[in-house]
Every structure is written in structure tokens, then in C-alpha cells.
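See structure below.
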Amino acid sequence: MFAVEVSDHIMIAHSFRGAVFGPAQALHGATFVVSAAFMAESLDANGIVVDIGRAFDVLKTVLNPLNYRNLDEIPEFKDVNTTTEYLTKHVFEQLAGAVRDDRLGRNGREIAVIRVTVAESPSARAWYEAPVW
Amino acid sequence: MFAVEVSDHIMIAHSFRGAVFGPAQALHGATFVVSAAFMAESLDANGIVVDIGRAFDVLKTVLNPLNYRNLDEIPEFKDVNTTTEYLTKHVFEQLAGAVRDDRLGRNGREIAVIRVTVAESPSARAWYEAPVW
Amino acid sequence: MFAVEVSDHIMIAHSFRGAVFGPAQALHGATFVVSAAFMAESLDANGIVVDIGRAFDVLKTVLNPLNYRNLDEIPEFKDVNTTTEYLTKHVFEQLAGAVRDDRLGRNGREIAVIRVTVAESPSARAWYEAPVW
Amino acid sequence: MFAVEVSDHIMIAHSFRGAVFGPAQALHGATFVVSAAFMAESLDANGIVVDIGRAFDVLKTVLNPLNYRNLDEIPEFKDVNTTTEYLTKHVFEQLAGAVRDDRLGRNGREIAVIRVTVAESPSARAWYEAPVW
Amino acid sequence: MFAVEVSDHIMIAHSFRGAVFGPAQALHGATFVVSAAFMAESLDANGIVVDIGRAFDVLKTVLNPLNYRNLDEIPEFKDVNTTTEYLTKHVFEQLAGAVRDDRLGRNGREIAVIRVTVAESPSARAWYEAPVW
Amino acid sequence: MFAVEVSDHIMIAHSFRGAVFGPAQALHGATFVVSAAFMAESLDANGIVVDIGRAFDVLKTVLNPLNYRNLDEIPEFKDVNTTTEYLTKHVFEQLAGAVRDDRLGRNGREIAVIRVTVAESPSARAWYEAPVW
């Protein structure tokens, strides 16, 4: 399996509900370094998994509505904890949609798997990996 | 599959037996940066894989008996080479035990896989990944 | 000149006032990786600049009131923008105070300079360096 | 599954054919940080996946013909785009050959999988992972 | 002294003249990670050294004519070796010009020093630091 | 001022004497990532600070007697604590000697300053910087 992975970052505020979160129940924030890996069984005729320029653009498009925001105020996240884990799947769903819509510059059917990794600090990170189809 | 990974480090001395190790047969040492990834098919009701605070605590508890030690003098390691690879599985076994005992703050049955990565230098690392059950 | 530097991190929310900040005028957040370097002309009798364990403790003590907080709500910061640059000096002042009070485990007079570096993302960071005395 | 991974780097020039590459159609270059992971179900009698010294040597031997070269001028690459993805598989094939020839200091049959990761910048990387046999 | 530092990267080809360069006399290439640090004695009324958004823009403007290029073909570099060291000063001169022309969003007279760091690989880097005025 | 910096690493065992070291009084070890920066006011006729290949070789020559060793058993270190700080100056002295003996491929008089940085873990490092002459 081949993979191409690109990274970007966002700076957000949020708070969590639940005693398990301890001090992170208060409004705080994070720099999230987000990496998106697109995986395919074979390279296309150009010798690539996907156009890396488009991969950067699609990732930025997905992250833009979150960047410099208080996630607590985004209606879509009203009933959830926007944990690092939760966000990995949120980004995955958006990227998988872009792949299915052929927005990565390649027949989306040829992209098998996406893995989204979100690093919240030098010592903690989360990822979500699943088939696109 | 979701994963949450936390990292810590230890500073140990040890030596190896076997011509394959060359100069590393002498007593030397290492800073081991140890990362523990816990993987689950779904998030719990709080939106997490495991309580990250407990993950840090359990990892520290597992690493503590090794930190600032000469591994050659620890009875458990008397008959083995405490290679980077060997230690990945040693840490895995301890963490898997903690998961099975529900010490990560979640029903251990819901944690499917653990991967332990140990980096010994900027240019070399090892990992061990296996199902918990 | 000798230096010893230790690092820790905090996760905070804040907002900025001033058109220059563009989208960062909204409430957002950051993971700040904070490094504190203590510099001295000579090592002490133990062969160290300062006790590295105390350096970690003092840094954590300085960062603790900021961690998991919305900096906009801390009275001390009411009239300022808590920019990365601003925070470098805030941490410096606290650390310099600790050095002057001999809380680093060495006669504070022997510590000449402190540099505080705060990384806000993989592509941006700030620092403040000044004499302690 | 156990893995041991070693890293090295090369500095190359090349150009790409195809409108998808935009400005990268011009002759440019890259520092490629190449990591080779060897995976096995069990450790050998010494407690290792493979001799890490041999792993470094074999990786260097594979990379040496590419280092400080214009890849456009290497006959083997005449009809292909030497993309980051393409190179991951090129290195994989060479390493898999070394494993099959028992050049890693262990019965090659005991090495199950190789993954080659090539980082082209702090924000982009590719990998190829496949069974050796 | 306060400093703010931003980073970007370019991918270039070039060759060197002189026996000291050994195999690097051949056409090869590099990913250069370029960091620009702007230093000032005091923060401005907004609490910043310079507008970090402008710092990123100015750095990108300076790097753009070099990115995806064969430096051997750029007339300005015809008679020089475009070593990592040489490029640190080339970027410095461009950035210092931007500061002197008040293009960083602050009276250029208030920026005292610039340091440009260029990393060519995980194990080698160069920098140039000098007063702006 | 120009600088060129190269990095390598060693894996050593040692112990410390003095209550200030707490658990590090026991025999333990470290991976030390050692960076050597050579600084000069001007580039030479080739456009370099020093021959980077020689810089790597000289650094390796200096580190080699320490690598895979128990520093407690090296006569030169019999009466000292081989702290990270102490080792920065030890390496500095060896490198300064090499510069003064013109072993860096340039008239040693033209190298003004050396800085040696030793990272012992992701969260702690030390450096020593001084004029060569």
C-alpha cells in the first residue's frame, strides 16, 4: 500500500464536559497539528497517490472553518466533546467526502484508506484510520 | 480504528551479549522515548479512546522501575538482551495488563490493540503492536 | 557561557485586540511549548548550571496558573494582548524572580542570563533573553 | 508484530513531467529523509528483529547511488517521475531483495514486511508498505 | 531582547565548484527549511515584535524566486556557490531590506537584528545573524 | 556572524555523585545528541564557514572515545560528574583544539566561536559557547 501524507495546523479554543477531563473542563485551547494520509494500492500514471498540492488545499479547506475559533460556539459541535480523537474523525469524514467527490485530482475509487492524525502537544496525539468506501 | 498515543522517556544503562552487537556489548546507555498507543473501534460516551491523564499515569508507572537503572541488574532481565525491540514488548505486556484490569478508566474489553514505540536515537526506533485480547 | 534548558507545555485560550491580528482577534487557543534556558559563566561544584529537577519544578510552578485557562479572564492580563512574545517575558520575570530568591538550588547571583522560548506551532516561535541582574 | 526502523537522508535533483506537478516540472531538488522499517512476528535468539548496524549499512548501500545525483540522468528512472511515492517503492524493492538474500544478518524468511517512509519536507511525506514474500 | 521567528521551506537544485565539496560538485538538490528571526528591544503597542502574518508573507516573497528552481541558472548566483551559508545571508539581505522599507508592519528602526537559519537535513544547518542598521 | 552546525549522537552510561542528583546517582545512561556550531565573521573563498564533511568527521572523532562507554570508567572523568553541561565543554575543548590545529579545512584563526549543544531528552538540553582564541 502507498500513502501520501500532508500536514497543517490550527489554533482553537474549546472546553470539555465530564469529570474525566479534570482541569480541561475549563475553557482552554490547543494548537492542533493535523496530518492527512491518503492510501492507495497503486500509483496513477503520473507516479503519485494524489496531487499533493490538492491534498494541501483540501486539508486547508477542511480545517479553515475551525481555525481561530472557539469550537464550543460551532453549532455542529454543540452536543459533543471536541476531543482530539473526535476531531480526527471529523476531519476524516470531510476528507473522505472530498475523495468520493473526486476532488483530490484522481478517481476517488482508487483511494482506499485515509488516516488523520492530530497532535495536540509534543507528548500526545490521536489518529483515526478507515476505508474511504 | 481510533488511537490515542502518549509519550514519556527514561534514561537507562545496559549491555548486550552476542557478537552481533559489536561495541554495544560494553556497558552503555540510552534515553528511550517511549510512546504508547491505545486503539479502539469506537469512542466512549465522553468522546475519548481512554482518559489521556490515566494513559500518562499508567505509562509512567510502567516505566518507573526502569528509569535511572542499570537494566543488567534487574532480575527480570537477567537472561535476556534488553534491546529496544525487547523493551517494546515488555512495556506492551505491562500496558495490556493495565487495560485488562480496567486501569485506563474504560472497560478494557473496548481497547482492541496497543502499539508501543521506543525511539533510541534520532535515527533508530522499534515498535511492537498486538491485540490486547 | 554555559546553559541548561528545560521544556514543558501549556494549553490555553485567549483573544487579541487590534486589527493587526486579523482572525486571531476571535477567541482561539494554543499549545505553547515553553523552554527556559538558564545561563552561567561557570559550573558549580557538582558540575551543573542549576539542578535540572528544580528547573523543571520552577518552570511548572510558573506555568501552572496559565495551563487550561482562558488568559482573557486572568486579571493580571486584563489590559494586554497575551501574545507569544508577551508571554516569553511574563515567564522570564517569574523565572528571574525564582533565581533571585535562590529557588533553583544555586546562589542566584551565579545565574547571569535567562532565555525563555515559546513555540506556538511548528512554524512560529518567540523568545525573550535578558540578564537576571 | 515487531518492527525496527532506521533512518538516513539523501540530497537529490530531479524534475517531473505532467501538468499536475505545476512548478515542480522545473528542475528542482529535495532532501529526502528515508526510513526503513523491518517487521517480524518474533525476535531472534539475540532479542532483535534484525542487526541494526546491518540495517543502517544496507539502507546506505541502497541510497548511495541516488545521493548527490540528478535523478533525471539515471537510466533506470528515464521513463518515470521520481516522485516521493515512486522512490518509496524503489527503496522497498532494493531492501526486500537484501532481505531475501539474507543480507540483514537473519534468515530472510523471518522478515515479513518492510515499510519505507520518505519525508520530503516538514509538511509532506510518503510511504510504501508490503510483504517481503 | 525579544525575537519572533517564522519558518517556511523551499526545494531547489544546485551544484558547487571546488574540490572541497566532493560529490556535492555534481548537480543535486535540497529541501531548505528557512527560519527568519526578527529581534527588537521592546514590543510595540500591540504587544508584538512584528506582525507575524506579515513576517510569513515577507519570508515567502523572499523565498518564492528560489523555490522549485535550479539555482545554477539564476543570474544573480552565477559566480557564487549557493551553499547553505551563502543562502542564509542572501535571505538576510532581502529581509533586512524589507525591514528598512517598513514592510513588516512596524517602524523598521525598531527592529535591531535579524537571524536567518537554513536547515539542509536533520543533521546540518547554518545561520547568519547581524544588525539591520 | 555566520555559523554552520552539524549533529551526531552517542549512547553512554554514567552515574553522578551528590545528593542534588537524586535517582541519577545510580548507574544509568543517555542518548546524547551532540551539535557543534562553528562561527565565523566571513565565508571563505568557497562560500563556506568550514568544510561540512570535515566538521562531521572531527565531531565523530571527538565523540568516538565516549560512544558505547561507561563514562565512570574513563580515567579522564574520574574526579568529575559527567553531566550534560560538563560534556558540552569537554566536546568544545576538543573541537577548539581541532580548529586551532587547522583540522577543519580552513585557517583556524578565521573561526571565532564554537557552540556545543547536547540534548539528553526531548525536554532537556545544555550548551557551552565560547571564543576559540
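Order of writing sets the chain letters: A, B, C, D, E and F. Residues in each chain are counted from 1.
Criterion: a contact is a pair of C-beta atoms (placed from the backbone, for glycine too) under 8 Å apart; a residue touches a chain by one contact, two chains touch by 3 or more.
Note that the structure is predicted; figures quoted are calculated from it, not measured.
Enquirer: Subunit A-subunit C contact: same residues or different, taking over half shared as same?
Expert: same
Enquirer: Name the chain pair with more contacting C-beta pairs, choosing from B-F and B-D.
Expert: B-F
Enquirer: Return the distance between the CA-based centres of subunit C and subunit F, expressed in whole Å.
Expert: Comparing mean C-alpha positions, subunit F is 27 Å from subunit C.
Enquirer: Determine the centre-to-centre distance between subunit D and subunit F, using the mean Cα coordinates as centres, and give it in whole Å.
Expert: 31
Enquirer: Could you pull out the residues of subunit E that touch at least 2 other chains?
Expert: 7, 122-123
Enquirer: Can you check the complex and tell me which residues of subunit E touch subunit D?
Expert: Where subunit E meets subunit D, its residues are 7, 9, 11-14, 23-24, 26-33, 67-70, 120-123.
Enquirer: Quick one: which bits of subunit A touch subunit B in the complex? Just the residue numbers, please.
Expert: Subunit A reaches subunit B through residues 16, 18, 20-22, 80-86, 88-89, 122-130.
Enquirer: What residues of subunit C sit close enough to touch subunit F in their complex?
Expert: Where subunit C meets subunit F, its residues are 1-8, 43, 46-49, 51-53, 56, 105.
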